[in-house]
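Labels for the chains are A, B, C, D, E and F, by order of writing; each one numbers its residues from 1.
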C-alpha cells in the first residue's frame, strides 16, 4: 500500500513531450530580433532606442489591459507580445513621433489580437496591422526618412520624436535638423528618400549600390536597413527550428523571379532583382513578419505558395502601385488568403483518394 | 413640350411595368413553388433553440412537421406553455402537451462519499477522463464529476454542486436529452416527474466492493424490493423500478434502504432520503475522521487550459 | 514525388530510452494469485468454463471463445478458482474476470497441451489451432491473431510483414526475443505463411537494432522466401500503415485493412508465441514484457504469467517512491493505469513506471494553438491535427470525421508529442471518436 | 496604363476600387453570406451573374432613354430591371435547386437591394463605357466581390474556431476584419492607372 | 426583427394572384411614377439650370479678381476643331477686361470625372486660383483637391508663360511629390490622394496647352466685348 | 391609451427605431451608406434627412396600396415607388444646393437600395396602416440619422480634427497643428469605427441585460 498514499497519475497518451514550448519559441524570436534592434539603435541613435522601447512597452501594456478587461489571466508572459512590439518598432521610420508609435501599438494589439481571442487566433500579424494603420493614417510622418549614422545621434533626439500627442509632426524641423547634422559631418545635400523611393519617384531611376544596401548604410525603417544582420538572425531561428524556412525562401524567390522578369524586359527602368531583395523591408518582412506562424498557412505546399504570393505582390505594388514600398500590404494580403491556401493545399490523407473538397455540390 | 415629355415618361414606364409584370406573371405560372406561409409563422414562435428534443432536425423541421400534422406543438419541450397554446390555437390543432419530463441522474456519489483513487491529468472533461483509465474514480460506474452535462445543457438547468455532482433544476429542465447523450457513463435518463421512486446508483458490484467505492452505493440488500414488491425487483445487485406499475412504487420503499441508493423525488425536484439512509449518511459525512479532501490542486492545473 | 526508401514521410524522433536493451529475459517467480480478465482482446469476451472452487491445471483452458472474433483463456498457474466476478481492467472499467489462487502443492512445471502434427493440417485447421492457443496481437492491439490470418472473403494475402520495429521508446521486448529466440519466430512466420498462403515475408526491423537484424538474418533457413529489411529509425515505424508504405511503398486504403493490398502484418512477439505454442498445442499463459522507467529499481525484460497483478510485479522489481505514473505499453501510445490492482493482460507489451521528470505531459501549461504546423509536419497520415483540435474544442465532432478524416487517425501521438502549446490533441480525437460512435449508435 | 484599356478596367473594378472594400457597396450581403466558403462562392457567382445581366440591361436602357430624352427615368428603370431580374433568378433557383435556395437563404432577395449592382449600373453610365468595357467592368466588379467574399469566408471559418470575446462576436468582428482587409487592399492604390 | 407585426389573415387563394392583377398593378404604378417623375423633372429643371449658371457666374467672378461682370465666349482651336472651348471673361464695372476663367476636365479621377475652373490673367501670364465644380472623389480624401490649402497654394499665382511661338507653354504643368516642388510649372500633389491630384493636373495641363494660346489669339476680341 | 392590445403602442413604434431597434446597430441594415457617407457630419445629416424623406413617403404610399399589390410583384412595385421618391429627392437637392448635391456623391441615388427602406416596406408598411407606418418610418429615419451621426462625429473629429466641416459652422477642435488620422475618413476607418461602435453597443446591451436579470432575481 506504499503508493496508495500518493495516487497514481492517469493521463492520455502520449506520455512524453518535446520540451520546446510556446514561450520558448517566442522568447527566441525576441532574442533574434535584439541584434537587429541593436544595429538600429547604433545607426539611428537615441530616437530609435526610445521608439523601440515605446512600442514594446505599449504593446505589452495593451495586451495586459485587454486581458484584465476580458477577465482572463494575463498572457504577456508568453513573450509573443514583446515580439510584436519589437517588430512594430523596427518597421517604423526612426523619426516617428512616439505618440504615433503608441497609437499603432494599441491599435495593432487590441484590434488584431485581443479582439480575435489572443495569441494563436489572430488572422493577421498585429505588428503589421499597427504599421499599416499608421501608414494610412499619417502618410507624411511615416514616409519621412532619416539618414543613418548622423553625427550627434547619441546626444540628441530627432526633433519629431517627442511631438506632443495628436499634434502634427514637424517634418520641416526634422529636415533642418538633418541638414545641420550632415553639414557638421561635412556632407551636404540629403534627398530625404529611401533607395526605393529614389528609384520610384526620381526623375531618372537611381539604384543604390548593392554593398551599401547589404551593409545597411541607407535610410529606411529602423530595423530594415542591415540586410546581413537580418539574414544572420533569421538563420539562427531557422537553425533552432523556430521558423519555417520555406516562407522566407518562397517570398524571396517569388520577388526575385518576378522582378527578374521585369528587369530582363527593360534594364534601365526596372531595378535588378538583387536591388529588390535587399532594398526596403523585403528581407525583414520575409524573415520576421511573413514567417509569423499564426497567420501563415499550415501545409508545406501552402507555405511555398504563400511566400511566393507575398513576394510577387510586393514586386507588383513596388513597380506599379502608388506607394514605393509594398511588403507590408503584401504580407497582410498573404495573411488574408492564408486560410484559403491552407484548405486548398491540404495534402492527401494517407490511403485516401483525393476528393474535391474546395467546392462541394 | 410638357405634354410630350409627360406622355413619353408615362409611356416608357407603362411599357416597362407591363413588360416586367408579364415576365413575372409567366415566371410565376411556370416556376411557382408553393410554400405554406404558416411554416414561417410557427417557426417564428418557436424558441429557436434548435435543441432537437422534439426529435426533428431543428425548429424549422419541427414547424414543418407540426403543419403536416406529424407532430403536436406540445412536443417542443423548450417552449413555454403559452407558446405551445398559441401555436396550437394558430393552427387549430390540439396542443398535445404531455406530462412534464425531466432528466434524472442515476448516481449520488459526489466527492464527499465516493473515493477517487487515481489522479487524472488532462482536459477537464468527463468524456476525456473516462477514456483515460475510466477517470480515476473508485466507482467506475458513477459520475466522474467534471461537468460535461452542465456544459451541454442549453437551458441552464444543470449545475455542479460542491461535491462535483450535477444537480438538475427540474423547473428549467426541458428534457432535451443533451445530457443523456453527453454523459460518458450514461447516468442520465428522461423521466416524467411522476416517476418519484428513483434508484440513484448504477453500480454492478456486490455489496462489499460497492460500499468500498462509495458510501451511498447500493449494496444489493433488496429491502426496497421487499417494501414495494410489485414495482421494484432486483436485477443482479441493483433494484429496478418498473414504471409501468408506477402506482405501486410507493414511498415506503426507500425507508429501509441502508445506504441511500434509492430515494424519493418530490414533484418539485427535491430528493428525499429514507430515515435509515439519512442517518447512515450522516455517520459517513461527519465521522470521527475527516471527510475525504477533494483534489483541488490538480483542478487548478487542469483549468489552466481554459484560461491559458 | 518523394520516395522514402525504407521509411515513410512525416513522423517524429522521440529519444529512444532503450535502457533495458541488454537485459536478458528473466522469469519472475509465480504470483500467489492471478486475475484473468475474460476480455483481454478485441471482440466478444470469452465465456468462463470454470466456477468458484474449481481446480485448474497450468495451461488448462478456463474460458472459451464466443464466436469467431474471440479467443479462449488458459490458466497461467495451477490452483483453485476463488471467484468469477468483476475486476478492474486496464481501461478502468469493471469487467468479468476469473480469479485463481495458486495451489502451493501443484506441479507448476507441467503445462497442459495437446501436441499435434502441424504438417498435416489444412490452412483452416491451422487457423482454428491458432484460435485455440488464445493468441492475440501481442504488440499492444490485442486483436485475435487467427482473425487476422483469415482475410475477408475475396481478399488474399501474398506478402507478410513481420513487425520487429519496436519504435516506441523504452520498450525492448521485441528486440530481446528477436535476439534470443529468433528460431521460434521463424517457425511462427513459416506457419502463418503456410496458413495464409503468403509467398513472401519481410522482417522489418529499425536500423538502431543491428543485433536483432543480424540474429534474424542468421535464423532464416536457406532458400526460405523470408528476408530482413532494415528500416529508418522513426516513430511510428511499427504501425501497419507505415510499415506497408516503408516496406512495399503501398498505402493501406482509408478505412481498410492491410489485406486490401494483399498484406498481412504480424508482430514478432505474436509469431514467437505461435512458433512456441502451436507445435505443442498449448495456450497463451505468459508473455515477455519490458519493465522500465525511472520509477523502477530493477528495470529489465521479464517473462511473467498473464493475470499477475501489477502490484506483484512492482514488488518483485522494486518501485521507487517517486514513481507517479504506470503505463501499459510505450510512452507514445500506451495507456496509463489507474491502479496497481489491474492484472497483466495479453496486450501489455511493457510496463513503464515514470517519475515526474520523465513525463512532460499534463504538467505543462496549455497555450492556445499558434498554428506552428509542427503537428501537420509530424502526422504520418497527413491530417491537420491543429484544425481537428480546434474543431474538437468547439465540439464539432461530426465535421471532424466527415470533412477532415478523423477516423483515419490511429492515435500515434506524434502531433501531441511535438506540440509546443501542450494541447492534448490525441485526447481530443479520442473524445471526438467516442462521441461520434455514441451518436451513431443513438441513431 | 490607359484607364480605358480593358485590363485596366478589370483590375480597377476588381482590386483597386474593390466594390466592397473600398467603395462600401454591397456590405449587407457581404456581412451575411461570408461565413462559409462554399456559400460565399455561390453568392459571388450569383452576384457576378446578376451584375453581368444588369450591365447589359443598363446599356440597353441608356440607349433607349437617351433616344427619347428622358434621363430622369434612368434610376427607376435600372432598379426595376434589376429587381425583376433578381426575382426571376430567385424563382428559377427556388424551382430547380431548393438546396441552393436554402443555402443563399434570404440573401437572394437582398441582391435586389445590393447597392453594388445599382452602383455598377450608375458607374458604367457615368464612366461612359462602351459595350465591351461594360461587360469587362461587370465581370471585374463581380470577381472583386467574389474575391472579397471568399477571403472573408476563409478568415471567418478560421475565426469560428477562435475564442472571440462575447461582445465582439458577430457583425463587430466581421467589420473589423473587413477593415483590416480594406487596409491591406489600400496597398493596391494606384495600380491599373 | 423585434417589432412584432400584425399578420394579415392567411388567404391562400389571394396568395397566388392572377396574372392580370400583376399586370394591372405594376403597370399602373409604373405609369404613375413616370408621370410624377416627369413633372418633378420639369418643375425643377429651370431651378437646376439657374443654379448651375449662377454657380459658374459666381465662380468666375471669384476667380477673376475684381470682376463684377461675366461673359461667355466659345472658341475653337485648330488642333481639335469639333470641341467647343468655353471661355468666361471677367470685367469690372466699367467694362475693362480683367481676366478669364477657363474650364479643365479630366475623367481619370478616382470617382470619374473632375471638372474645375481656373482663373487666368492673360496680361500677367498667371493662373490665379482654381475652383472645383464637379468632383465625385472619395469624400475626405480625393476631394481634398477642393480644400487642401497646400494644394490650392500651387495655383494661387502660378506663372504659365507661353513660349516664343505663342502656341505652347514654356513649362508644361507637371505633378511632383508633396514637398518636392518649387520648379516652374511644378505642382505638388496631395500626399495620399495622388490619383485625384494627377487628374486635376492632367485636366489643367490639357486645358492650358490648348486654351491659353487660344485666349491670347482672341485677346482683342475679349477686351472689346466688355465695352 | 385607446389603442387596443393588438401590438406595440404607437409611441413604441415611434421610439423603437431610435435606439432599441436601431436599424444600423441592431438590425445591421443600411450599412453601405452608413460606412460610405459618414466621413463628415454634414453628409450624415443630409443623408439621414433624405433617407427619412424617402422612408416616410414610400411608407405612406405602400401602406396605402398594400391591399392592392399581388405578392409576386410586391418587391418590384415597392422598388418603383421607392425609386420614384429617390429620384425626386435627387432633383430637389440639386435644385436647392448643388454643393450639397456634390458632397453626397452618388449615394443619394443609392438610397434606392438602402435595405432599411425596402426592409421597412416589406416588414412594416405592407402590413400596417398609414399612421403607424409613418410613425415607424420617422422613428427608423431618426434612428438611422442618429447612427450615421455616431459614426460621422468620430470619423470627422479624428480624421479631420473638425466638426461640421464644409459648412459655415465649421468648428476646429484641436487647432491647426492637429495631425488628422486620414485613415478614419478612408474606407478602413469606416469599417473600424462601425466595428468598434457595434462592440460598445453589444457591451452596453449585455450589461443592461445582465442588470435586468440581476434585478429580476432580487
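In the analysis below, a contact is a pair of C-beta atoms (placed from the backbone, for glycine too) under 8 Å apart; a residue touches a chain by one contact, two chains touch by 3 or more.
The structure displayed is predicted, hence computed values, not measured ones.
Asks: Could you tell me which chains make contact with chain A and chain C both?
Replies: B, D
Asks: Starting at chain B, figure out the least number of steps needed to reach chain E through touching chains.
Replies: Graph distance in the chain contact network comes out at 1.
Asks: E-F or D-E: which has the larger count of contacting C-beta pairs?
Replies: Spelling it out, more C-beta pairs touch across E-F than across the other pair.
Asks: Could you tell me which chain lies farthest from chain D when each chain's centre is the average position of its Cα atoms?
Replies: Greatest centre separation from chain D goes to chain C.
Asks: List the centre-to-centre spacing of chain B and chain F in whole Å, with centres computed as mean CA coordinates.
Replies: Going by mean C-alpha positions, chain B sits 44 Å from chain F.
Asks: Please tell me the distance, in whole Å, between the geometric centres of chain B and chain C computed from their C-alpha atoms.
Replies: 40
Asks: Can you list every residue of chain A that touches 2 or more other chains, as numbers and ranges?
Replies: Within chain A, the residues that touch at least two other chains are 8-12, 111, 115, 117-118, 120-121, 133, 136, 139, 322.
Asks: Give me the residue numbers in chain B that touch at least two other chains, ranges are fine.
Replies: 5, 8-9, 12-13, 16-17, 20-21, 24-25, 28, 32, 117-118, 121-123, 128, 131-133, 136, 308
Asks: Among all residues of chain E, which ones touch two or more of the remaining chains?
Replies: Expected reply: 7, 15-16, 22, 25-26, 29-30, 33-34, 37-38, 40-41, 136, 192, 194-195.
Asks: Which chain C residues qualify as touching chain A in the complex?
Replies: Residue positions touching the partner: 14, 92, 169, 241, 245, 251-256, 319, 321, 323-327, 331-340, 352, 354, 358-362, 364-365, 367-373, 376-377, 380-384, 386-387, 403, 405, 408, 411, 413, 416-422, 424, 426-427, 430.
Asks: Okay, in this complex, where on chain B does chain F touch?
Replies: So the residues of chain B touching chain F come out as 17, 20-21, 24-25, 28.
Asks: Using the touch definition up top, name the residues of chain F that touch chain B in the complex.
Replies: 72-73, 76, 80
Asks: List the residues on chain B that touch chain E in their complex, please.
Replies: 2, 5-6, 8-14, 16-18, 20-22, 24-26, 28-29, 32, 34, 37-38, 41
Asks: If you look only at chain A, which of its residues touch chain D in the complex?
Replies: Going through chain A, the ones touching chain D are 70, 111-112, 114-118, 120-121, 123-124, 129, 132-133, 136, 313, 316-317, 320-323, 326, 328-330, 332-333, 335-337, 339-340, 343, 359-360.
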